[in-house]
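The data blocks that follow each hold one structure.
Both of the next two complexes hold chain A, though its partner changes from chain B to chain C.
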Partner chain A sequence: MNPRLRLALALAALAGGLVNLALLLRTGHGRPEPLAFLLLVIVGVSWSFVGAGLVAWSRRPANRTGALMVAVGLAFSLNGLRLVGTPLGFALWFLVATLPAAVLAHLIAVFPDGRATTRLQRVFIAVNYATTVPLALVQLLLVEPARLGCGGCPDGLLGIGGRRPYGEAVLAVSGLIEVGLAVLLLWILVTRWRRASGPRRRSLAPVALVGMVLLVLYLIQEALLVVVSRPAPFDVGFDLAILTLLMLWPLGFLAGLARARLDRSAVGDLAVELGEPLPPGRLEQALARALHDPTLQLAYWLPDRHAFVDAAGRPVELPTAGGDRAVTVLRHDGDPVAALLHDAALEDDPALVRAVAATARMTIENERLQAEVRAQLEEVRASRARIVEFGDAERRRVERNLHDGAQQRLVNLSLALGIARSQVGTASEEEIALALDEAAAELRHTLAELRELARGIHPVILSEAGLGPALASLAERSPIPVTVTAAPPDRLPPRVEETAYYVACEALANAAKHAHATAVTINARQHDGRLLVEVGDDGVGGADPNGSGLRGLADRVAAVDGHLHTDSPAGQGTRITAELPCES
Partner chain B sequence: MRPTLLIVDDHPGFRSLARKLLAAGGFEVVGEAADGHAAITAARQLRPDVVLLDIQLPDIDGFEVTARLRDGEAGPAVVLTSTRDRADYGPRVDQCGARGFISKAELSGAAVHAFLGATG
Partner chain C sequence: MRVVIADDAALFREGLGRVLEAAGVHVTGQVGDAEQLLARVRADPPDAVVVDIRMPPTHTREGLDAARRIRAEHPQVGVLVLSQYVEPHHAMQLLEDGASGVGYLLKDRVANVGEMVDAVRRVAGGGSVIDPEVVAQLLGRRRARNPVQELSLREREVLALMAEGRSNQAICQRLFLSPKTVEGHVRSIFTRLDLAATPDDHRRVLAVLAFLRA
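Showing the complex of A and B:
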């Protein structure tokens, strides 16, 4: 906050207090003793609130709590008007007399955020202020001054007098409104306390407890006013208790701030703890302890994946703004390094979170690298499992093809030959020739199927002649028209050729089977030490890169340190691009 | 009198060849079925002496069909067959109540007769 403003507010509070004290001295004798004593305490309350408020304001400028505390303090110094001693002075005091309590109620209702977050809070604050000066004005107009506490005032204080019949009703309604507001505030406090998380309760505690005691005291006092006819001694006693509590309350709040400062010594402890090598996962616990948030979660940024992961390499979702959870992202040269996912209450003290994060930066960087390695390991494990599974599935497929195809045909061939054999001697030569023709046809089909199957296992043209001829042969045999727009003229390392061919085969199979494409282009070209294989079709698009086919393809490409990219917007065809390093 | 026989297999090519072969081998082929359920229905209607039953069928497998056909002693003699070898199926062939197993490539009238002779 602006130092000039701070000085001005401090001086205003000091001056207000001193004026009050001067008024107290000037009135000298004849003043009601309990009142004089109460006023001394009120000056204490005023200075205490303004002082603590200014400290809080400077420490957490974004939080309105400090400003509200200063406002409470300044409002309390208005009480000196009571001592001016003239009816006009009394009337002025009476008009603003409920302001200190109203600002205080506002403060209690929104502590520690400093702003209303629920509708109930907003309604309370609005009604709370609406019933200060306007209600006092009605009372001044309609109630006889003696009932308001000004024994020596003339009946028509503001020029209107003799409205007694209404006066009592006004007092009763005012009392009901005040009690209603107190009960509502108590309700707000209790519900907020019950819903608050651990860290939030820590910051809510000083005001919630004092606020509840204050409200309960006030309600007892009101109840006594109804029961006891002459409540003055009780009244002064209660006022004194309430004011003393109020005077001490900002000190308690300051103690809370000091505890936050002490928490920075927890940062020191953290620094010591981080001096030793930590077992995995312990860093998160150490940070949770330093920030007093057992729900704290540490997530590391993986630039490769553009995602946050936990220490075990599993993906972590960041919370959205406005909820119970908040996130503080740690950056290095503008790039994210890690994120602390914590209770939103910690946002009250961003400096503490930053201090803890800065202290742990080196360790976090180390753990991030470890998390990155673990995530890669996790990915390698997963892809290894998928590759093994894929290999097994392929073997099952080959077995099934052999069984349903070639084997079945060979059985038929054997039966046909058996029939021909059984016909020798009994049937005509034509019949036997017919049976043998059937057997020969079966054999030709069998050979064709076996060739196709063998080519599916490994196309011999690929190893004999290279990728270009293999792609041309693939295009020739394809059921949908395929254009090969480019193919590398030279031979490439066998692993690269095989992977490139496999990409083309799979993409072609997908285009025919899933995309219902009518044309496919294959483009394979070398660029900058890499082989780029692009297969585009004019099909329905919408291919899922995480489906088993494309996932298997990506694994296969990753196995030669390549990258697979799938671009398949719905209704706009599919383009699969593999980038394969081909320097062996 | 020639024993009656029902052929159960999902490949029409095999069924027609087996029909010719077994007809030449001394059987009267009274019907064909392409899956397990059709086989059970056909066996009830036609009451063949023998069912030549492929193990791999599109709906229920040959072992299950055998168990249902053999439910009660009055059922037909079942001879299982497959493109695969007997060793591929282990002890299930003996346990399901079939009279025997013939690999498809070795199918002949004599081979089927041999099983019928074994127990009656």
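Showing the complex of A and C:
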């Protein structure tokens, strides 16, 4: 906040108050005592709001709460107009008399964000301002001055005199509008309080509770006005109570700020707590305590996986902007280290969150490393289980193929031979030859099936001739056109060759089975001590990297310390890339 | 005709030996691995060897390597390599050093004695033999642009027989066509596939297979 602006606003508030006091002294003894006393309190309210508002404005320049508080204070100093003592002065005062209450209602409605976030809030603020000066103008025109509280004012204050038949109706409608607005504001406050989380209530409390009391007092006053006729001392008593609360209300806000400063002492407590070695997982609790947010979650960044995980190594989704949850990412040299997932209310005080995070940085870094190790362990366990499962499934598949295929055919063959044998001596030579031909045909099919099965278990060409010939062979058998654009000319370590081959195999199977591709390109090249295998197709895309096929492939690739990337935007083909370390 | 058989499965060796002997082929030796095969060929070169591709010690491609060495050391000895699998790659490797006197057949073919004996005779006579399965696989390959699809049915039959290593004369007999007609088909195929015409049958096999593998 600009210091000059701050000084100007402070001086304006001071001047406004002093003018009011001067007016009070000048007309003091001619006025009824209670009113004079009320005006004294109003000067107090004005200064209190402007002072507290300027403090809030400096502390949180981005939040409009401070500016609104200053506006409330300045609006209150307009009340001095009532003391000018002329009918014109009264009319001017009457026009702006509801402005302080309107700005105050605006402030209460949007605290502590400083801006309207819901539609209800926006509607309330609009109606609230629309009914201030215009409504007062209507009242001035249509209601007799005496009924408005100006006993000495002449009739025809603004040029209109005589009977005003709608006067009482206008007053009744105006009263209803004011009461309606008060009820609406109370409703806004209560619902926000009920929905607020722990840290949000902390900042809401000093304002919302006083605001609720004020509104209830106001509504009681209005209700009494309807029931009984206007007893002046009663009225003044209520006004006094409300104004006194108003004068204290900014102090409550300052107290809230002081509480925030107390929170900074929690940072110190945290530093002490972190001095001792923490049991695993306790860091999150300590941070939650320091930030007064029991829902706080700590997530660690895993560079390998490009993902955040919790202390147990499970993946954590970051909240999206604009929700109830917010995220503060801790970085080291620009790289993410960890993330604090917290209530969005804490975003009001980013400095506090940063201070807590900075204090805990070393411990967080430590826990991150531990989380990384646990995540790797978790991943290894899961992939080990998947690999075993995959192996079992594969054995079952082979058994089923043997049982339904080759074994069945051999049974048929044995039957055909049995028939041929039984025909010896009884049937003609041609008949026996026919039976033997059938047996031979059955045998040919059996051999062909066994060949396919054996190739599926392990392609001999791969171990015999290497990756290049194996990929060429794969391309020759593929049901969709495949182009091998590059293959390493030399032999590579067997595990690398096999992994690369299965990447191509699985990607090709996916392209044919799921992607409905019409062309596939395989590119395998060595670069920088790694073998890069890229398989791209022109199919429908949308392949799921967590589907069983690709998951199994990723496990296979991870087993040789490689990485598998799947790029498969819907409708734009699939590109599967494996990066395999190979020293050769 | 004198033949040496190399296969580590004694039962198969002897069975094949009996089949060949019955067809009038003189089996001069049966061995169980590549080293013994080379030793036997060096000591007494036969007209042809029939060798299994997988033999001890590694059971991968010993037979193939032995066959290539025999071709290099004894150009007059034909080699017929048998394999349980159909691998165009193997066929190409054999043909690389010259297509004459080499053959690559699926092991199943022993079931057809006539075919088997014919293949041994062809390699012994300096011809080339490529298993129809290899050719079928290459011809059946899917490609984005496939000039083979533009050939007529008859031309495709002729192309397949050329790829199997058949001479024009053999193609005539197979398809019951006159030599002139076959020559016409061959010319047409070479033009349509944009291949350089070659009068040599062996180079022709190589050219056709290389084209189909590309």
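One rule holds in what follows: the second predicted complex is superposed on the first by the 392 of 584 C-alpha atoms of A that agree within 3 Å, B and C clash if a C-alpha of one lies under 4 Å from a C-alpha of the other, contacts with A are read in each partner's own complex, and residues count from 1 in each chain.
Throughout what follows, contacts are C-beta pairs under 8 Å (C-beta built on N, C-alpha and C of every residue); 3 or more make two chains touch, one makes a residue touch a chain.
Note that the coordinates shown come from a computational prediction; the quantities given were computed from them, not determined experimentally.
With both structures placed on the common chain, the touch criterion links A:Leu443 to chain C but leaves chain B unconnected.
In the superposed model, A:Gln407 makes contact with chain B only, not with chain C. Once the two complexes are overlaid on the shared chain, A:Glu429 sits clear of chain B and of chain C alike.
Contacts of A:Glu583 after superposition on the shared chain: neither chain B nor chain C is touched. Residue by residue along chain A, chain B and chain C are tallied for touches, and C comes out ahead.
In the superposition on chain A, A:Ile480 makes contact with chain C only, while chain B stays out of contact range. In the superposition on chain A, contact is made by A:Val460 with chain C only, not with chain B. Applying the stated contact rule after C-alpha superposition, one finds that A:Arg451 touches chain C and leaves chain B untouched. In the superposition on chain A, no contact is made by A:Asp490 with either chain B or chain C. On the chain A side of its complex with chain C, the touching residues are 440, 443-444, 447-448, 451, 454-455, 460-461, 463-465, 469, 472-473, 475-483, 518-519. Considering their complex, residues 54, 60-61, 84-90, 108, 111, 137-138, 141-144, 213 of chain C touch chain A.
By the touch criterion given at the top, residues 403, 407-408, 410-412, 414-416, 418-419, 422-423 of chain A touch chain B in their complex. Those residues of chain B that touch chain A in the shared complex are 11, 13-14, 17-18, 20-21, 24-25, 83-84, 104-108.
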